[in-house]
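One structure follows; several queries about it will come next.
Going in written order, the chains are labelled A, B, C, D, E and F, and every chain counts its residues from 1.
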């Protein structure tokens, strides 16, 4: 689905990675690993098209990403460090807008997504009244609403309790098993049934090599 | 050292905990556990004196906390969700201010604290140029500078890589072993040699009981 | 003394000191006089030079009001019963403006000592009375002025 | 004394005490206002200079001085809330802000409409008028701050701090009278003290409407505070029982 | 599933609705710019003993300058929370046409912050002794001018969204760009007070509005893309 | 170890140094309020065809009002980043006397934002045709008045620090409280221009400053404690 060729990025004189080349196939589950500051966030944002500060080529289904931008964005779901949840709105209002941006409306689906993520009864409570982990759950409820093929998730397990982590691990595996693709970062060891491809940025770093 | 009697807190109609009573003795290591939204952050902020919205009594060395505030604050180190690191200043400048607030100046100690936390060579780089994990490390370098007895840490492992997590676990155990006391929250299983006391807020919740 | 005590003392000390200094400054200020609002007496005492933009307040002296030309230009004498100052004004007058009534004018004193007003506001006094009472009082005052005893 | 003080500080005591008291106060208020306004607006003789326009006085004066006194009361309540953490005091302060601002607005509007015929202008930057306007701004600031917070505790504490800071403005506003000349008349107390100038037909209705307005202030504050108590204590047992009773009766 | 596919119009309406919901859930967003407008305008007469006629003659200037400041300050929050919480990333990554979404967002914001300013402006006219023949031109000018100001301010906001608390920087970027609107806007009133025909100046204001409507969204989108790196 | 114990004075100096370092590392903090001051004052002459003498007579008002706005806008950032990144918690939990640290922080901020305004004010006087005898009173007034404005604005900032982008709310809180400073500050110039003695007004401004210096820190500390819940 997504293939990367010859990708290199440097920030403030430091080369984070160079000559990176890989292909994320349908049905695969990728974990980007590396020490703090190794460039995981940077890589994920480049893949999502949010950071243009790189050299190399990104291809989506064989076409250069920047040329099929709308198509690529339709197939992509990205979740960064920040939860993308407006604190003054309710989960329902937040997710309605998300759906509208994806081009559909479906309140029933939103409610069931919230239930799935352990937020039954929270649909109409303003998000500022929720704890860090609950806000993260609102954010992750999007995973049940999007029809995107490729998921890019930057430290999605942050702030989740143990049950939440296990559920998310399962969800991610299911998505890959169903023919989607997932790229994520996390510092904790993933427990999934699905085969995992690990991309270790520490090993790749030029000076480390 | 710190004893809590009859502590209760509610937020927006929901009782988070009630009748909480425990004593944190010197040399002990406490982990506050609970699902998302169970009130861990709230409890820690109450203990640190940042949240006054509770009923019950807090005592420090046998005296009511609010009456021996300065003394208590001298003995306390608190680290919340936010890293307390100014992004435009360098780690050195950040830590210098921290030391001044504790009433001393010691550049050599700051440099060695940074080295200990894997930030050799980063002392004079503005913090906004650092990754999430590196900023967290700057924040944690304070642990090597403070002479506080009681550490209260809210999810200190967030954003740390594996090495960082292991180091922090070791540091926390050492502090407890040396006669200090640590109260922390985390969703991941702690690996420490030191005996661990677990306070599970889920089990304590009135409706759960 | 514990450090906490010492801190508290320093804070209280600086607040007390600050208040004292502030009070002293204010007393000084009020002794200096802050008025930019002048009475005819003050003007007669020469407190105001020509061509300063000031406000004056007083009463329109009985019988001093003169309409000139088409009636939009008037002159009258403002008085505080002690001193008088002539005032000239062109423009629309408020309803309450009449002889014997309070007035506030803003403008400058010209070379001839006439206050050239560029705005005039009428002032009601602090008393309210019905038209009949006013008439009765006026009558009484006239009788008194005529020397009669009631 | 202290015991009573603390008792009044308990929302429940406040609520129960006012339950019996408020209807009577309301009736008395209504009577006073009715007499004062009907007499003042309908029957008092016209003023020799301003004719019937001066009748605005029966609304303007009480609302204007009310706005000032209500601020003072709000400040006392804020101080009590900050020092002793008395919740009822904060609820009263919240009610004060609302009606103080309304009174201030009414005084401004009536004053402006009165100013046109008497002074020849709706508005002039005179000391008293300016002071009233600033007071209105301060009220609005307190309310805006309160409504900006999500959390009730933070909102009430922040509003208290601002209220107390705003008190500093009051004497300064007073001395601003040195700055702008006062076109607005000085306090006349409507001749109540030395009944020489203003005849009784004019000041008696004013006294009625004045006391009526004071009554009205207290009635509104108490009703508003009672509402606030029910809202904030809605989970307390006594409120739940009250609600059960009410719904049972209905 | 009960999924309903939405056209562009419907999804723009969703963006507009969200903007209005945000305004309703924090009413200060509507009231505060208004209060700022009133308070800031009354600072001028307080800061000196002005002749009442002079005050009337500078009233249009005061009203327009404070309206400009009020619009600018209230625009500051337009993309702020979306940037902070990551919603802006979601907007940029959505397959929707950003141009229109951004335009709608600005207009929604204008509805809750700019329009109320227009409504209270006559009150300020009273306070500042604006001559009677100035009111209608003032209103026409503000109706045409404040959306333009909003759009210009939105460009500034988008440029500075990555910077924490950038109020002053925003002002430095936006004020010079807004000067033409200010000049023509206050000019409408001035012209009317001098008894001259105002149609020409009004047409210029309208032209500025149309220009802003068509080009500002481009600049805003570009600025947002730069900031969300 | 090379640990040096610090007294209160030395640790206050550390807070002051940090404030200055922050200003140096983002020079916009110093330059932007200045630019705002200059641009905003020059909006007035642009917004209407004013008689040059009239302009001179309203110059003190314009300069003071824009100085007030500039101080207020630049104060917005005083506790912002400290709140966002948690440094404020550390300050509140430190065993140091907050009263003095907060005071020093405000004064440090004034040094980098308020003082430069005083320095460029004469330039604006020139632009706005301020009569010659107005310059010295203007400067004296600004030197005494801007720190007071900073302290008042700091109370507002502290009260609103927990609220996201609260620029307009800040204005609504701070402007009414600042009116006395504005009145006396502009009054100094006005009085001087009318040839009257200014000592009394200056004493009043100084009294306000002293009052603010001693009481504002109390309010600021209380406000910060409320917001860091």
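In the analysis below, a contact is a pair of C-beta atoms (placed from the backbone, for glycine too) under 8 Å apart; a residue touches a chain by one contact, two chains touch by 3 or more.
None of the values given here were measured: they were computed from a predicted structure.
Of all the chains, the one whose CA centre sits at the greatest distance from that of subunit C is A. In terms of Cα centroid distance from the overall Cα mean, chain F ranks first. More C-beta pairs in contact connect the chains of D-E than those of the other pair, out of C-E and D-E.
Mean C-alpha position of subunit A lies 74 Å from that of subunit C. Remark: subunit C and subunit D have CA centroids separated by 31 Å (rounded to whole angstrom). We define each chain's centre as the mean of its Cα atoms; on that basis subunit A and subunit D are separated by 57 Å. For the pair subunit A and subunit E, the distance between C-alpha centroids works out to 36 Å. Contacts with at least two other chains are made by residues 3, 7, 34, 36, 53, 55 of subunit C. For subunit B, the set of residues touching two or more other chains reads 53, 70-71, 81. Shared contact sites, meaning residues of subunit D that touch two or more other chains, fall at 121, 124, 137, 140-141, 144, 148, 153, 179-180.
Subunit E contributes residues 26-28, 31-32, 35, 38-39, 42, 45-46, 49-50, 52, 126-127, 129 to its touches with subunit D in the complex. Residues 1-6, 10-11, 14-15, 18, 21-22, 25-26, 81-82, 84-87, 89-96, 228-229 of subunit E are the ones that touch subunit A when the two sit in their complex.
Residues 44-50, 54, 57, 117-121, 124, 178-181, 183, 185-188, 190-191, 197-199, 201-202 of subunit D are the ones that touch subunit C when the two sit in their complex. On subunit A, the positions that touch subunit E within their shared complex are 45, 48-53, 70-71, 73-74, 76, 78-89, 93, 96-98, 100-109, 126.
Residues of subunit B that touch subunit C in their complex: 69-71.
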